[in-house]
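Two complexes come next, and they have one chain in common, chain A, joined by chain B in the first and chain C in the second.
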Partner chain A sequence: MAVYKRSYKGYEGPLTSRRKRFLILSRYAARGIFASRIVTGLFILSFFYPLAMIIGLYLNHNLSVLSFMKLHQDRLFDVNGAFFMVFMTVQSAGAFLLTAFFGPNLIAPDLANNALPLYFCRPLSRTEYVAGKASVILLLLSIITWVPGLLVFGVEASLSGGAWAWEHRGFAAGILLGSLLWISFLALLALALSAWVRWKLVAGALLLGVNFVTSGFAAALNATMDVTWGSYLDPAKLLTAIYGEFFGMDLSLGVNTWGALASYGVICAFCTYLLSRKVRAFEVVR
Partner chain B sequence: MEPTIELAGLEVQLAKRKILDNLTCSLTGRTIGLLGPNGAGKSTLINTLLGFHKPSQGTARVLGEDIRTGLDRIRATVGFMPENDSFIANMTAVAFVRIMAELSGLPSEAALERAHEALYYVGLGEARYRKLGTYSLGMKQLAKLAQAIVHGPKLVILDEPTNGLDPPGRQRMIRMIREMKESSEVRLLICSHLLRDIEETCEEVLILKQGRIVHYSNLEEERKANLRFVELETHGEDNGFIEALEQLGCECAVAGERRLKMVLSEGIEIRDLYKLADARNIQLRRLNYRRDSLEDIFLKAMEVANGRL
Partner chain C sequence: MKTLWLTQVAAIVRLEIGKTFFSRRGLWVYLLACMPMVIFGGHSIVWLKRGLPCDFGHDTNVFASIFQVLDMRLTLFFGCLGIFMNLFRGEMLDRSLHFYFLSPVRREVLLVGKYLAGLLAAVTIFTTSTVVQWGLMYAHFPKSVMESYLRDGNGWRHLTAYAGVTVLGCIGYGSVFLLAGALMKNPIVPAAAVLVWESINSFAPAVLQKFSVIYYLKSLCPIEAPPDVGPVFSMLLVNADPVAPAVAVPGMLLFTMLVLVVAAMRVRKMEIHYGTD
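So, the complex of A and B:
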């Protein structure tokens, strides 16, 4: 039917696969995210540190280049657990900052403009809707966390040899698992907060606030009550504890790894509950 | 024809309150009107048919698919225009309608093509690259209609389609609904509290009150029946005019001096009345068809608050 034929006509053409349809939301969401210069700038900025580290690793293994640069030492830095700990902490902080900027834009506008009935009157479930939105966060944060992390690990492995890679295989597992845990947590938290407050600016501020407030609250709790379990309320400290475990660091944070995993589990379950309550075509007022 | 909507003892409870109570009926018309005062349960019925609310008892079928088991298939064949503002503010109309088409299963290119067509069809062709947030209320209504029809559904559900429209906008919406109805490719379920909108567009009407069906009316049948009911005013001597009419099989009643009410029997046309009057030298000064307006039907239905079909 051509544009000039202004009459109603049904559609009898081919249809796309039902299972992949939630990715349409991801595609449009990604397009919306990169329309923001701040987010694009932050995203590009988050590659600088991995790039610098890769260059550093190359220099580390090239004495001739070091002497050419008049750096009279064997190595620039040691590539050990502490190196990966710092690397992943920086990238995870970048991921958090980036999520605070674009995460709330994913669901809040749909809720604020009452667009959910339009999505759910089509063959699209609530789970698929959340999966479509969350997959953008998962994809973008993966690109700046475990992908560069594994790349740095791979570069070091290629320069140091297979024996080093085998000996430090736990680092690779830590990079992957720690990042995935952090990304999942951020995705669920960002979506749940934006679904709850329905205002993207407030949701972004709230996401930043959750991190700082919980850190402060956890520290205050530990100090005033002379306990260590307050740290289980601090998501950043939980992540540090998990990375520390994988990278073989003794950080003495007073946080047990399994306890940290359980804390993340509880927070993620609460976020999922919040999403299931808020992401509905119509909210029934009791 | 396959029923558009069948309700079988449908009951819906929200927040422990019974909103729809034991609704049972079968609607087969191409355009079905859903009428009722505020809080009658019209929107709840629509939302239940779309699977937004789960029935607590009974069930319903939309185009033969049960809402309990075939929700995905129902949603694939239905277009929905909600009552309230529903859009994505920072999107252009064409992007908005396109994403909705893609979510209904259309491939990306086809979705874009259909989005342009749908926006032209509803009269937003020139404004299709503007962001929805900048649209007037009437334009937003049209954009909602465009997204409801972009994937070529078999049934379009319109919840208060003329809400907030000025008179020309309302006329335009009514005209489009009629055009869609005449295209015979789509059935329409129109929910409104405006009797005139329903009267101008629908073949069947279901009237709800307090979550119950209080009246069902096939407007097409009623319109045909009304054409058989005639009121006459005559001038001149009777000369056995009434008897002659009764011999033709018409039922007559004298409604006053020289005024008659009658139901025309099968095969009798108005010209036969004129012939009969001419033969008896009687003048027919006035001839009216009875016209029960939807307002009459609605008001009668409201009086029978606890009635059932």
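So, the complex of A and C:
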């Protein structure tokens, strides 16, 4: 039987609102993340330290428990800037390692298999595509950086009282701002590198390499040129400087906080530029 | 039989050389090798522009520190990771490894051929980089100072030692990453594991220290890096129990042989699953 009038008809069903559209990508991208045992293991592992710290804080305020454990001191440790500095450095390092494993998986396969036209033939912009992929990284890294950081701060505040919390409100701001900067940087770097190398495994190794090599490069630059501005090329040192400022630590890194923020801005802008060059609905094959 | 194997190794090296030297995927290895050159070149240009005399001894110590921290631990490490992991995993990605496996070549011969090709590329790129870096570091000194350093100040010996350490680094790290490429799908795991192991090596028991590349390389460096390089770097540079070159070089080669034997055993049983990459 001949089939007539089978011409194209546009989709007439309900549409997701424009503002929430990028979340569809996030939802699908997030599904595959925990398929990797390494990622799952690292994610779980990154909660051990906050948990240990919360238990430590509880013990810190319970003399009876300390004496029961035969610890002849009135505190296990001091809860000051150094405490939060170490805490956030450990969590940020965990976030970096986790990103190296799952970050490149989000975008590299789409580019390697020329799947971008399939995304962009739908009502989805390039910005929404990147936002959708980046939001998965941001969400996951938030869970292991500023969320436990603020939780630890909250636990200490509840044990020490409102006066302590008000006096040390800068710590909370540092946890939030430092973490947001770090995870935004990691998300953009992971996506940019994976978009350029298109091989998720290499992109992960490259992410590892970029962070270590820039640290070494910055230190070498400072030593040979007899300068301190080389440190502005070292993302890890910039983060330490920002945390140090908020946690009231005198680290003498030779990095100005505003300079560190500006440096992060430049690095993130460069990553965005790299992404804009590669995330396109078409590809020129030479 | 040996002649056949040698002919096959030579053929594989010829095939692989082009891939390792000129592949687009390996471009960043060149960038990595050029990075320290930029620093030393910049140093010479800045001091020439300033027109101020630079302390030769200080520069020699700075070079020693940077060579041990940036070159040995980072550029050489990640460069070898890029070159040697790519030898087998790159073929998996390109879905071309089965051509090798279908040809009448022993897997061990294939491994040796690939290793030699990678080694040739790594040694050429990184040794050139080391020699150029050394030249650029001292480029701003007058000719007479350089001649005196080369003639009376062990200059040639230092340069040969740095180049030799680079070659040995390529041999050692190359074998480790070739094995990692044959064993694992994801290079991040071995890279992170080896990086951590090499970093904490100074604090490991004496017996365990011998199972690392950096232990032998540090012992062969001509100048001990000065302690005024900051707490993190001095921790990396410390070499409490250095071995004599007569032990370090054979030790390194023996270590490499062991790793290559394990890699050969692994490649012998290797199966291809292109779909999983």
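The criterion applied here is as follows: the second predicted complex is superposed on the first by the 270 of 286 C-alpha atoms of A that agree within 3 Å, B and C clash if a C-alpha of one lies under 4 Å from a C-alpha of the other, contacts with A are read in each partner's own complex, and residues count from 1 in each chain.
Criterion: a residue touches a chain if its C-beta (ideal position, glycine included) is under 8 Å from a C-beta of that chain, and two chains touch if they have at least 3 such contacts.
Bear in mind that the values here come from a model prediction, so they are computed numbers and not experimental data.
In the superposition on chain A, A:Thr224 contacts chain C only, with no contact to chain B. By the document's definition of touching, of the two partners only chain B reaches A:Thr16; chain C does not. In the superposition on chain A, A:Ile143 makes contact with neither chain B nor chain C.
A count of residues in chain A touched by chain B and by chain C gives the higher number to B.
After overlaying the two complexes on the shared chain, residue contacts for A:Leu253 are found with neither chain B nor chain C.
Within the superposed three-chain model, A:Leu206 lies in touch with chain C and out of touch with chain B [touch as defined at top].
After overlaying the two complexes on the shared chain, residue contacts for A:Arg122 are found with chain B alone; chain C is out of touch.
In the overlay built on the shared chain, the residue A:Val197 is in contact with chain C alone; chain B does not reach it. Against chain C, the residues of chain A that register as touching in their complex are 38, 97, 100-101, 197, 199, 201-202, 204-206, 208-209, 212-213, 216-217, 219-221, 223-225.
Residue ranges on chain A touching chain B, taken from their complex, read 1-3, 5-16, 18, 21, 24-25, 28, 32, 109-110, 112-115, 117-124, 280-282, 284-286. Interface of chain C with chain A (complex): residues 25, 28, 32, 35-36, 39-40, 42-43, 46, 62, 65-66, 69-70, 73-75, 78, 81-82, 85, 89, 93, 137, 185-189, 191-192, 195, 229-230, 233, 277. Against chain A, in their complex, chain B makes its touches with residues 14-15, 47, 50-53, 72, 75-76, 78-80, 82, 84-90, 95, 99-100, 102-107, 110, 114, 116-117, 120-121, 125, 147, 149, 151-154, 179-180, 183, 185-186.
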